[in-house]
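Working notes, beginning with the structure itself.
Note that the chains take the letters A, B, C and D in the order they are written out, and that residue 1 is the start of every chain.
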Amino acid sequence: MALRIIATGGTFDKHYDEIAGKLTFAASHLPQVIECARITTEIALEELPLLDSLDMQDIDRRRVLASCTHAKEEAIVIIHGTDTMRETAAVLGAATLDKTIVVTGAMIPYAIANSDALFNFGFACGIAQALPPGVYVAMNGKIFAWDKVTKNRTAGVFEPL
Amino acid sequence: MALRIIATGGTFDKHYDEIAGKLTFAASHLPQVIECARITTEIALEELPLLDSLDMQDIDRRRVLASCTHAKEEAIVIIHGTDTMRETAAVLGAATLDKTIVVTGAMIPYAIANSDALFNFGFACGIAQALPPGVYVAMNGKIFAWDKVTKNRTAGVFEPL
Amino acid sequence: MALRIIATGGTFDKHYDEIAGKLTFAASHLPQVIECARITTEIALEELPLLDSLDMQDIDRRRVLASCTHAKEEAIVIIHGTDTMRETAAVLGAATLDKTIVVTGAMIPYAIANSDALFNFGFACGIAQALPPGVYVAMNGKIFAWDKVTKNRTAGVFEPL
Amino acid sequence: MALRIIATGGTFDKHYDEIAGKLTFAASHLPQVIECARITTEIALEELPLLDSLDMQDIDRRRVLASCTHAKEEAIVIIHGTDTMRETAAVLGAATLDKTIVVTGAMIPYAIANSDALFNFGFACGIAQALPPGVYVAMNGKIFAWDKVTKNRTAGVFEPL
């Protein structure tokens, strides 16, 4: 089943800038992640502007929605920052597209030891092919409906609303 | 949804023995993998004897089947060597248990750079919670029915039968 | 030859705080680094307050000097932030202790992919045992006398003064 | 100080062949290792046939000696398997070249988690620039004269002879 992967940034894709000495965005790690996963299903990778999700504006969410709307694939995985994952999922959920859209991200950047990024990406790729159309948030090994999830920022985990 | 993870060895769980200078089995990496994934769903990890799947005998497959039969969880992920993944899946498939059983593994050990292990584990954990009861093989970002899959050993990928 | 390792923080030892979503300090990575290096020579690890080297004050440098002065080992490696490595080396150099003191650090944290931390640590441990008493800065595979080095912040490399 | 790095294989440079399912040799990891170390000193990398050191014959050791003899650099690091590191060091030591030659390797391949390869490489690069001409074995954070070292294969560590 063909998959569309939409990169929007977030912790998952943070890059350490050794000159500035801080985490920022550079080229997405997704091409490397996809290669590492040895995926043989057809993949379309679409890289939107990489943003910290706290910096995402309405226009950014509408751009994600437009990508989903125009995608020819019926299974879509969105890599997103965790802090406003729920807000973007809500915009997508309200649109009731006839596609399976899974929003995921990471608590630890892909490039940092002990990251959950690769697990979450695999988790989302599985769900996107297995669940009926709808919008889901996939974090902590749990599948949430887009309107039934919240991030517990103190504990750093996603919970049912 | 509660998940049972059954470790049986395979490339996924190979360990480098620095005294012997070769890849072998020691303690399973699964506890570390699960921690890294930050899974908050209920997990039961069951460690069977860790084997190269070419060394698996009928009795070993029956032990995997017994574990699945007795599991109280309805979603099960089995970590298995790739060479006889199909044979074990066939034993489980023939038993028609009322559970969703997903067999996965890795082409590169978890402990080696560029491994697909964490992706595959996430992929399988997603599918196990999302698909109806049945036995599936999950590799290369693809979901296969247990009786419709073969490993192309020359290319190192799983393909539809 | 017995070695004293003094941890003072810096990029080398930065830790990703997944709740705050930023790089900060937690427990030093040095115990793990030393284990990974399989060092069988006698090692004394001394953990001073872990600081970003831009936050280091005179009192912090005097504490590093005190540690070097009181050390019973004649070979000392100091893990330090790169931005003021030269300033601390100058304090140590002016004291003309009869010990071989090597100051090193990293451009990329130990816990982040593609880090130079482990190389630099090995490099410094070799030099500390091989050179006569004095204070040296060891970065980029080069050995600098403490008063003949500067960090080129634009290029992110250490150069002769 | 210009450095020559001579790659001869050994555990350090083992590569996991995912089709064959075993550790073997492919392209050397040394270019990646050198890049990761952010070395700005002049480096000449010379890749000899990559071998398990138990497979090294007299002719292979003579080739290493020839490389050292013809090198224009006065500081040389040799990446070598641990099992016969001492034998190659003896061939080089007997030649009494006017160069500082440091033989190192790894107990765990560079590409496997928890490897000592990057530390050992840094350790050797430091010593090669710091010690007077001679042939040294550098492992476990210790510097050994070429004729005063043995590998304790039971413990997996190098010891004074």
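Odds and ends about this structure:
Definition applied: a residue touches a chain if its C-beta (ideal position, glycine included) is under 8 Å from a C-beta of that chain, and two chains touch if they have at least 3 such contacts.
Not measured: the values here are computed from a predicted model.
Common neighbours of subunit A and subunit D, by the contact definition above: B, C. Any chain touching subunit C that also touches subunit D would appear here, but none does.
For subunit A, the chain whose average C-alpha position is most distant is D. Computed centre separation for the pair subunit A/subunit B is 25 angstrom, with centres defined by C-alpha atoms.
Rounded to whole angstrom units, the spacing between the C-alpha centres of subunit A and subunit C is 38. With centres defined as mean CA coordinates, subunit C is found 43 Å away from subunit B. Counting partner chains per residue, subunit A has residues 107, 114 touching two or more of them.
Taken as a graph of touching chains, this assembly is arranged as a ring, one closed cycle with exactly two partners per chain.
Contact between chains, using the touch rule, shows up for A-B, A-C, B-D, C-D. In the complex of the two chains, the subunit C residues touching subunit D come out as 3, 33, 36-41, 43, 107, 114-116, 118-127, 129-131, 138, 140-143, 156-159.
Against subunit C, in their complex, subunit A makes its touches with residues 11, 16, 18-19, 21-23, 83, 107-109, 111-114, 153-156.
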